[in-house]
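Each of the two complexes below includes chain A, the first together with chain B, the second together with chain C.
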Partner chain A sequence: MTVHGPDPDERAPGRAYSARFHWLDRQVVADDGTPISKVDDLELDGRDGRLYATAVLVGPDALAPRLRGRLGRLVAAVARRLAAAEGGRPPRIDLADVAAVGAAVTLRPSTGDLRVHALEDWTRANVIERIPGARHASG
Partner chain B sequence: MKRLLAVTLGILTAIGGFVDIGDLVASSLVGARFGFALVWMLAVGLVGICVYAEMAGRVAAVAGRPTFDLVRERLGPRIGLANLAASLLVTLLTLAAELAGVALAVELLSSVPYLLWVPAVTLLVWLVIWRVRFETMERIFGLLGLVLIVFVVAVFRLDPSWGDVLHQVTHPAVPQGEGVPTYLYYAIALFASAMTPYEVFFFSSGGIEEKWKPKDLATVRVNAFLGFPLGGLLALSIMAAAALLLHPAGVSVDHLSQVVLPTSVALGKFGLGLALIGVFAATFGASLETALSSGYTVAQYFGWRWGKTAAPRTASRFHLVVIVALLACSALILTGLDPVKVTEYSLVFAAVALPLTYLPILVVANDPEYMGEHANGRLANTLGTVYLVIVLVISVAALPLMLATKAGQ
Partner chain C sequence: MRLADLIDALVLDGAGDLAGRVTDVRLVETADGLVVDGLVVSPKRRGRLLAWDHRPVERPRILGAIARAGSRRARWVPWDAVASHEPPGRLGDLGTVRLDRASADLVPLADAQREWA
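Right, the complex of A and B next:
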């Protein structure tokens, strides 16, 4: 399956991006290299008889179906327990926000709060920030 | 001086692989039971970890990607998760044993039972991860661990006939009274401990914490080709000291106190004191390495922000994993489980999981899309492939040998 990246002219024909090889399970990073998430799945949209990738899907809800079988059901169950009232739909990062695909998927600098971090936010507010020194980098 | 300090990441990583509590006891035990007949396996394992640590470090410096990131990317989410479960099990069992190892070293110094020290040791490990700079941490525990060089001194003081030693090293024979399966079982344990997966997780992640870039490739290589052999030298000297002193005397090793025995015989109280300080630093360093590695692997599999260089609030899930790991391991060891047994078993599981860690490194280090001009050369690929085959053979043989020999008894 071939997926059209943010800039199809970037790669010559025959060297198109492969969803499996270049996108799925690759690390998504901010423009300064800070890890954001993995590409847990891709959102596809059918137009004119072709499939277009429209967004990166993030989080256990997106990952669980790809794990298949008992393992997938387990992850999905844990995800439902941990869900911070988002309502089943995995958070997404629009492909328009993607600047480049290389060793990692790099986002554009202007991309604001992506709201893909419900669990991180919960952990920070309820556990880590309550420990003295959580705001200071040890370097 | 700066050059010397640049190599401390490699030294600290190697300490976790070669002279952590399980290896301290295993090296000494092997020396006491088999003399010099397994030195060759230590050398085989050492070359293997040098080859793969260099590859993992190079990928971290050039592509900026740590090892477990690649594991999921190249093996997919299912096999990646299986590897995560196996590697995490090994890392956590080792962490539990290291916490006990630090406490055991303190027990030998203070005569207060080690279980009482475990909670304090756990807290101290966490505080170092929480507050101390990464570079300071690796310098203190990497360099202090080198105090174990006292075993090298002890070997020279024991004044063996070197020609005889060389003959035993180059003509290894299974000693009388030992079976071939037992011999092979310990060979596998030595190999697996030299190549334990958390070493490459820690080394590559540490490189990214230190902000390695392609211009730092010389640093990567110095770390891999100097740091790891130093760790291997320490393990070799512990094995040799046991082979020279404990093997002829028929002493069997199952506790830390027998491991340090040769230093007190050869160098007296002063030597023993240094050996205990070295053991303390090495096991503490290995605790830090395994605790951080558990956080690194989980965070990298799921793509979370990780690392101890940033403020903890910006990597909450990573720090939570480290805290939970420390608490769980501390609880496990407080049940009174024999820490040495724990690492012996974990090494066998490590052997089984090894191929799933080293294959993705080899694949990505070859991929010009990641590595550009820094992709593997012919030498790295030849050695990488040879070791992948060895690792595969060992992963298949590990479990049957463990069952056949009742874990080397």
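Right, the complex of A and C next:
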């Protein structure tokens, strides 16, 4: 008989993390393991004299502040262009939708369409699909 | 604000002297949410690569020795020691964190990690 104990990666009061080790650049996956994006930054909100992490931020607009100097400003400029095409909202995953933090950051089953692939969608529409023969590829 | 505003930020102690840069942020789950518990601050560039708020590397011994050497100057700054924090003035620049105490009053990271274990 196999006995399953509590999930050690599950979020629970008292658990502590290193932001760099446990969160930043970790893969974000759906509850079924489907890769979604990676953690590019965390949104922080001040409340009652404390600072709370309130959301996972994904995409080039989230990554740009972590890149220093001109590279960061260039990535941010690209992100603004993409955000304008998408309606101006950078992708954000509310922390309440994060169920577990381990080798990957796993979302709860109820998390809906996140629309986090703006760069991938733009590249597919404006670069890949314009390559001769692109529509012949399988899959 | 964002975590990126804290990571790599310049840290000034109570006297206004440069204490180092933020190399990591410790987050703790509470009943009210995921809260910033404090900062890991390293004065030397070498230490910034190795000073993380994570279980210290013990084995293999040579890696443990390298990790200890790289992070021995790292200090733990509990969030209540932060007097103020300012985001970068321009994207790509560094933020600033100001402490309410002198650098000499900060606990070594290794001591803090032992308490957390």
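Throughout what follows, the second predicted complex is superposed on the first by the 95 of 139 C-alpha atoms of A that agree within 3 Å, B and C clash if a C-alpha of one lies under 4 Å from a C-alpha of the other, contacts with A are read in each partner's own complex, and residues count from 1 in each chain.
Here, contacts are C-beta pairs under 8 Å (C-beta built on N, C-alpha and C of every residue); 3 or more make two chains touch, one makes a residue touch a chain.
Bear in mind the structure is a predicted one, so any value in this text is a computation, not a measurement.
When the two structures are aligned on the shared chain, A:51 is found in touch with chain C, with no touch to chain B. Once the two complexes are laid over each other on the shared chain, residue contacts for A:129 go to chain B alone; chain C is not touched.
Legend: residue contacts after superposition of the two complexes on their common chain; A:66 is shown touching both chain B and chain C. Of the two partner chains, chain C is the only one touched by A:95; chain B is not.
Residue contacts after overlaying the shared chain place A:78 against neither chain B nor chain C. Contacts of A:33 after superposition: chain B is touched, whereas chain C is not reached. 24, 66-68, 71 are the residues of chain A that lie in the contact sets of both chain B and chain C, per the superposition on chain A. Chain A meets chain B in the complex at residues 24-28, 33-38, 40, 58, 63, 66-68, 71, 102-104, 119-120, 123-124, 127-129, 131, 133-139. Those residues of chain A whose C-beta lies close enough to touch chain C in the complex are 11-24, 41-46, 50-54, 57, 62, 64-73, 76, 95. Residue ranges of chain B in contact with chain A, taken from their complex: 63-65, 69, 72-73, 76-78, 80-81, 130-135, 299, 301-306, 308-313, 316-317, 319-320, 323, 369-370.
Contact residues of chain C toward chain A in the complex are 1-8, 23-37, 52-54, 79, 88, 90-94, 116.
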